[in-house]
Amino acid sequence: MSKATQAGMGGGLLLLTGCAGVQSIAPSGGAHTAAFNNLFVIFLVVCGFFYLLVIGFLGAAILRRRREGDTGVPMLFRAWVALVSVSLVGLAFASWLTDRAMASYSEQGSPVRVRLTANQWWWDVTYFGASHSEDIRTANELHLPVGRPALIELKSNDVIHSFWVPNLAGKQDLIPGRTGDIALLPRKSGVFRGQCAEFCGAQHAHMALTVIVEPEAQFRAWSRRQLATARTPTTAQQLAGMAYVTTRECATCHAIAGTSASASVGPDLTHVASRSTIAAGTLPMGRGGLYAWIADPQGVKPGAHMPYIGLEARELDAVVAYLESLK
Amino acid sequence: MIARDGPELQGAELHDRLARTWSRKPGLIGWLSTVDHKEVGRRYAVTAFIFFALAGVLALIMRTQLATPESGLISADRYNQIFTMHGSTMMFLFAVPVMDAIAIYLIPLMVGARTIAFPRLHAFSYYMYLGGGLMLWIAFALNIGPDIGWFAYTPLSGPEYDPGKRADMWAQMITFTEVAALALSASIIGTIFKLRAPGMRLDRMPLFAWAMLVVSFMVIFAMPAIALASAFLISDRLVGTQFFNPAEGGDPILWQHMFWFFGHPEVYIIFLPATGFVSQITETFSGRSIFGYPFMVLALVATGLLAFGLWVHHMFATGLPRLGYAFYTAASMTVAIPSGIQIFCWIATMWSGRPRFAVPMLYVVGFIITFVIGGLSGVMVASVPLDLQMHDTYFVVAHFHYVLIGGAVFPLLGVVTYWFPKITGRMMSERLGRWGFGLLFAAFNLTFMPMHWTGLMGMPRRVYTYPAGMGWDVLNLVSTIGAFGIAVAVILFLVNVFTSYWKGEPAGPNPWGGTSLEWATTSPPPPYNFAHVPVVESRTPLWDVDGGPLPVMTGLQVDERETLMTTLIDAEPDVLEASAEPSIWPLVAAIVTAILFVGSVFTPWAIVWGSIPVAIALIAWFWPKKALEPGEEPVSA
Amino acid sequence: MRWRMRACVMAALAIWPAMQARAQGNGTDDGQWVMPAHDYASTRFSRLDQINRGNVGQLKIAFTFSTGLLKGHEAAPLVVGSTMYIVTPFPNYLYALDLNRPGAPLKWKYDPKPAAASQGVACCDVVNRGAAYANGRIFFNTLDDYTVAVDAETGAEVWRTKLGDINLGETMTMAPLVADGKVLVGNSGGEMGVRGWLTALDAGTGKIVWRAWSTGPDKDVLIGPDFKPYYAMDRGKDLGVKTWPPEAWKIGGGNVWGWISYDPELKLVYYGTGNPGPWNPDQRPGDNKWTAGIFARDVTTGQARWYYQFSPHDLFDHDGINEQILITMKVNGKPRKVLLRAERNGYFYVMDRVTGQVIAADPYGNVNASLGVDLKTGRLIPNPDKVTTQGKVVRGICPASPGMKDWNPAAFSPRTGLVYIPHMNLCMDYGAMEANYIAGTPYVGADVKMYAGPGGNRGVFTAWDPGARKAVWEIKEDLPLWSGALVTAGDVVFYGTMDGWFKALDATNGKLLWQFKAGSGIIGQPISYRAPDGKQHIAVLAGVGGWAGAVVAGGLDPRDPTAALGFAGATADLPGKTTGGGMLYDFVLP
Amino acid sequence: MILGLALLSGCDREAREVRGKPLPETAVAAQTSTLFPGGGSAGPEDPRAEMYAENAYHISEGGRLYRQMNCVGCHANGGGGMGPALMDDQWRYGGRMDQIVASIDQGRPNGMPSWRGKLTPTQMWQLAAYVRTLSANVPKDAAPSRNDTMSNIYPRTLAEPEPPSASDPAGAKGPAR
Amino acid sequence: MSAPHRFVRDVSALPTHAFGNRSLTWWGVILFMLMEGAGFALAGGAYFILKSHQGDWPPSPILPPDLLAGTLFTLVMLASEIPNTIVKKKAEAEEIAPVRLLLPIIAAIGGLLLVIRAFEFGSLNVLWTDNPYGSIVWALLVLHTTHIVTDWVDTLVLTALMFTRHGPTGKRFVDVSENSLYWRFVWLTWLPIYLLIYWVPRW
């Protein structure tokens, strides 16, 4: 497939998708989607051709005036069967070649290793460092360097989920009791969005994953920041917030590195404010989002495991102020 | 002296005596006791269409919720129940039963039989089906509707993640419909194999009968898979078995294997009868026998066989070995070949015939235009790399609605229009029918065509809402508008059905000039179907006689329910067997079985104690009531 | 079979006189029992020989004493001069009995009044493993994290030092060791995400002299320039941090709740560290230093000298806290200072206690959890079929979580050269799941079901020949063995069973010579002493409990096999065989 | 009709009130003693109890919390450990829903921690509802048959235990290896 | 009324019952056997899928089922084919006396088999709640037991019927013949299940 067709294809789909496209098969952000797009075009052309043939034949049959019985039709029939069979063999072969090519992408360059554990309804993310003491734990957000493959280990803590970042690659299920894997090879910087693609219960719709593909240097800087323990609060309000978060209900589920909160039921909050969304893509990160989420999680995401706590206004202010400072 | 039909006994007297023999008893009990396949078939069809309408209303609710992003119309919990109910109802309570309904009504007529094989069994089947559907919908009304998807993947549907009885209601509905479908497939196979009119060799059978034969065998091999799987699921949930507990070494993927071993053939169980409809309509309205009959039969059989080799293509994202994937890709694509053959043969029939474009034929054209799109997008999702992107997105939603609505509902509506005069004795309105078709065709494409793009643009299935600004808003709104268009079209169709039922133009025995045997009897047919057993000499019996006298056989008893059984391949007259009388016991058996099934959702002891009344009912069902029944002539030992 | 076994015994007997046991510390046996292990070398060998194979059958009760408590009595009584001291499980009473008077009446009772809430964070019954005596004082730990010094004569409290916090799940159950003027104590709480430590207190004042953590940076662990582990796997900077995920070492266990031995010549203390927390191994990838291993430390400064990890990245809760018996024995013809350890992971280790080299590591029971110990690298070879992981039940792991042998100490007789090991034959199913750290609550993350191993007997009493590296004889016991062992110069071995039988065996061949049925199951440590009247006595505390007996002591419901962290499954029949009730039994020849 | 009746009985069981119940979430003041000098009784149960007690969703949430909040670490799957057994019929501080909630909320002196300020009242009620299923105090159809964890029953067959060597000194034998 | 007729043949002389594939009952039985056979085959497939997830089969410490009851059951079941074959032959020869003699015997054997089956459940050494091994083994055995029970009840009813005036009639002889056919299916399906339950765990 020539570069031109590829560009045309991408452009075409881009047109269709309009301005959006952070969670779409186009624009392609990685090697897998590029290969996918090529294959998709092949299928589209072949299938389109056959569709035109059928419709043409049907139209001719309807509009035909003179009827002369079966003459010539048996010949046509044999040709049709042969054409269909040959095309299918061709398509199957193209599909197989693409699949093989995709499987080889993980071997290009030194990979980033990540473990993604799905929970109802959020993503637990662990980056494996040189040693385990350099592992990074975060949630609902993947940072990936451009041009390096990412080998992602997939696990589930409860039901079956499916990992899908359409701009980067196809799906892979996360199945309890099994460890799956998927390789990504991002080729372009950008912010993409992924979403759980296997029905996983009440809040299946609110289980998104932000993927930030960035240059190597930025990725390293991000990794360094993530490895640090949480910022110490500076204002009295933040201190009060920290006191609440690390000793009260919050600490029974969440961890903040550098404090006594070390629970692992909920997302790690050490650098929560550095992430772009709250509650797996349900709300944008920010003061408003934090207020909305903490004040009434069941209103925002009914059925989520984050409970309604009933903080007093003063406590809520303090907790939000503290969490906002966890960049 | 035993009275038999023949030259001495024909005409009105024969009609009266046969009608007396074959009619059901009067009154409510008689109504409930009927074993007439036409009555049961009608009830089956009406019930199925009611479920179709209900599930359609659910679809409208879903589309309304999805019309705008972050809509708060219905809660996540309710939405999940609704999409599960929509899928389960459409698949289990509408698509399969409605095809069966039409089959049990028409297959005995098409093969020239007086009745269906195992008449009490098929009455039982209807009551089981009704019970299952009622249970599911009553549960839904009581907020115990299943919320696990029509596929009910474990462990989401298991005891830990789906509290209460919601999943059990789904799984037990499966048991009901599975019993119903299996019973019907036995009746249909029995009818096709043993009750064909003399001379109707297998290679002279109408293609719809062939389709139902293949489908019935598919049911026999596919349904046990889902029955077993749902039994495993219920026992996991009720008595703590460990089939699907990954921690103990159970396997959630086992569920998927068993489900799709049934689920993929299920698609063809719905689609193949529709191809039978298309063949019947195309033949009649093209005025020539179907082109490539042997290839059509081979295509049906091949599809039936291949359907069992494809289930893994629903599971590409689970991470099974890659080599296996290549095999399933190839197998999935292979199934396009028989479909291609069928499409070709239908168009070739039109090509070389003289097609009349009455409403049924319009639906056939609509079927070809839309189904081929669904088939070709099916070829796309058979490819592993493509499927991994498209799987569980709206692209797939678009794909299978093109296959199921384009490929099955269009032919179904066409065939209802086609056989409506046979069933009611009145024609449907051609004008309303054309409007209905046009609107349905447009609205259908308006609804589902955009979903191809919503899917490619990354919208997953089964989400109760989606964020704004993803580029999905407009497309979703268009789909919703289209969905209401479909609703209007369906309403139009129903209006047509009702007005025509009361006021339609009376139809003769053969208003369309069809050639198969159902057109040889009156419209609607008498309880005994045929006064004399017709004899068949070619694939097109009615066209052969061209309005002249139909060759028939004589000598069946008129005061007993006697049927002629013929040999398997050549349909040579062989045995005269008695057919069962009407009986209330199939209903009683169905009620006690339903109590057993519903009870076993709550306690395993229901199976033990419930089996006693079931046994009693079954014994009563089979116990001879008369002093001596037909076929019980003493044997001199 | 039989004659071959006898031949082995003969051979062992012929060779072993060459081997010397050094009962360090107390030098000659003065008939007292001043520390639970009898001596710094932890031999639990009494040189008294009045009671011997010939007359042990005539043992009679001398006196009894009820502690009034229903929990597990794991402690060894102490005998100093003419007084016997008994420390009980929570509420940790210290009783002094006057041996001069007939019936040994109560002299005084000391009640440390520990916080009742501490019972809620003691993982496996509220036990106490004993007190230690030095310089006129009795030292012991309370469940709520105090180390107490009591005047041995009057029962007056001399000092008490708070060392931990029950709100973090910390408790103290081990018996202190007094060496070099310091009281060495450690904490418990490996099931609560407690970071382990060993602390040296000044015996005179109770002030903390040094504290060596079991995880964390080198300065916390007291690792300095003197630290020279024998194996490469234990070398490196800040391994106590680097072999853990970030922050996990802070809640990583490695508690020191078992036994400490002391070599006065080398001035080294030896002790093991407990399991890493949580049990679910997936939450702590890495080797998890310095848990489940053994430290040798300079007693004066606390600086580590060497370390060896028995179970790197422990998968089964195989704590490394068992006792180490210090002897000198010939290895390849040369006498070497060694330590013997019947380790929880199922291997009997013979280690050079100067360098930390593993000389031998042989399974002394049915082991399939690992495939052996690589003597080159020192590393335990894991069995890939039995690697526990989150979300999966791994079945048939032998030995089970309590190990081949738990805390209950073995005894060594220099006369026979055999180590007498009371241990278990349990296997388990292990289902790891995510553990959630909430301070002061359990941090386990595993469902466990234990059951009898091959053969169906849950307990075994093995006489192990460390030189020949094999068992000489063994006794199968129906119930798991949870009591300590005692061996005397009369060549009699004593131990108790959980259904209350106190048994005396011939040390050379395991023949049962005498037994006595106590009122409750025995999980204590028998001792032998010379009473003021010159007669040799044997004493033991009965009172079932502990982890193994929790099903009785805690009134648990044995219908749930995962109760008591899975031990209830293996001892479900125990409530039908014994009841709780602490009672001291003291035996003497008539 | 029978169908309908069977199902109707299940309405309360099936409701999924994700926010808990709209009653004010005040502290529970259940009495836990059964001794009332001169007679008396523990008074009516807190009205919230019935909203949680036999509701499948709350029981299920309680089951999740029972593991996640480490109740399972002390009380095992009902058999107990550091804490008392919950599957037996013995309740030290009362087995009524509100009494269980009070125990969770206030803690108990012999080691039960107080969860006030650590768990929300709704969570405590859900936990209490689950705890009552352990002792089979709840109709079976509301409680899950099992969790997706290790099966909580005995391995059915073990090697037949040999008679204890107490009566069989000859049980001593040489090394098996 | 429909089109006029042309009478081509009279069938009044045809028999009113027939055996084998000429009978509709035979087809009914065959179709049910196909359905149930498919169910058994799928259960067998599930057995092997579950087996592939366990290291040991049965998973330790569970012991394989005790052989006695199952093997006895198998032997009795195989032996029952002797009267079964005879009764099928006699029914097809339409002799009432031997049928009346043998059917009670076959029914008694069925009852005996159910008694043995009860012991089989006890000898499995595992409960359905233990693990997937226990679940699938129980499922197979329960599944097969339902077939024994239904065929046994069927045989009882048929036996009773044979002693009424409905007995010595053609239709009833067909029923007896098909009942025998179904019994063959029941024991034929048992043989692979017997292997799965009792012998595969011993490999």
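Letters A, B, C, D and E mark the chains in the order given here, with residues in each chain numbered from 1 onward.
Everything that follows uses one rule, which is that a residue touches a chain if its C-beta (ideal position, glycine included) is under 8 Å from a C-beta of that chain, and two chains touch if they have at least 3 such contacts.
Since we're looking at a predicted model, the values are computed, not measured.
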Which chains, if any, touch subunit A and subunit C both?
-> B, D
Would you identify the groups of chains that remain joined by contact if subunit C were left out?
-> one piece
Per CA centroids, the chain at the heart of the structure shown is D
Where are there more C-beta contacts: B-D or B-C?
-> B-D
Taking each chain's centre as the mean of its CA atoms, which one is farthest from the centre of subunit E?
-> C
Intercentroid distance (Cα basis), subunit D paired with subunit C, Å = 34
Mind checking the centre-to-centre distance between subunit A and subunit D? Centres are C-alpha means, answer in whole Å.
-> 39
Distance between the centres, which are taken as Cα means, of subunit E and subunit D, whole angstrom = 45
Cα centroid separation between subunit B and subunit E, in whole Å?
-> 30
For subunit A, residues that touch 2 or more chains besides their own | 158, 176-177, 202, 251-253, 265, 302-303
Which subunit B residues sit where two or more other chains touch them?
-> 77, 155, 160-161, 236, 239-240, 242, 245-249, 251
Per-residue multi-chain contacts in subunit D, two or more chains = 16, 18, 68-69, 118, 146, 148-151, 153, 155, 158-159
Listing every touching pair of chains gives A-B, A-C, A-D, B-C, B-D, B-E, C-D, C-E, D-E
Parts of subunit A lying in touch with subunit B, wherever the complex brings them together | 13, 16-26, 32-33, 35-36, 39-40, 43, 47, 50-51, 54-55, 57-58, 60-62, 64, 67-70, 73, 76-77, 80-81, 84-85, 88, 91-92, 94-96, 98-99, 102-103, 120, 158-160, 162, 164, 166, 169-173, 175-178, 180-181, 193, 195-205, 208, 281, 302-303
Mind listing the subunit A positions that touch subunit C in their complex?
-> 131-137, 155, 157, 176-177, 227, 229, 251-253, 255, 257-258, 260, 262-265
Provide the residue numbers of subunit A that touch subunit D in the complex, in ascending order.
-> 158, 176, 202, 247-249, 251-253, 265, 298-299, 302-303, 305, 307-310
Subunit B-touching residues of subunit D, taken from the complex the two chains share = 2-4, 6-8, 10-11, 13-16, 18, 56-57, 59-60, 63, 140-142, 144-151
Of subunit B, residues touching subunit D in the complex | 77, 131, 134-135, 138-139, 142-144, 155, 158-161, 163-166, 236-240, 242, 245-248, 594-595, 598-599, 601-603
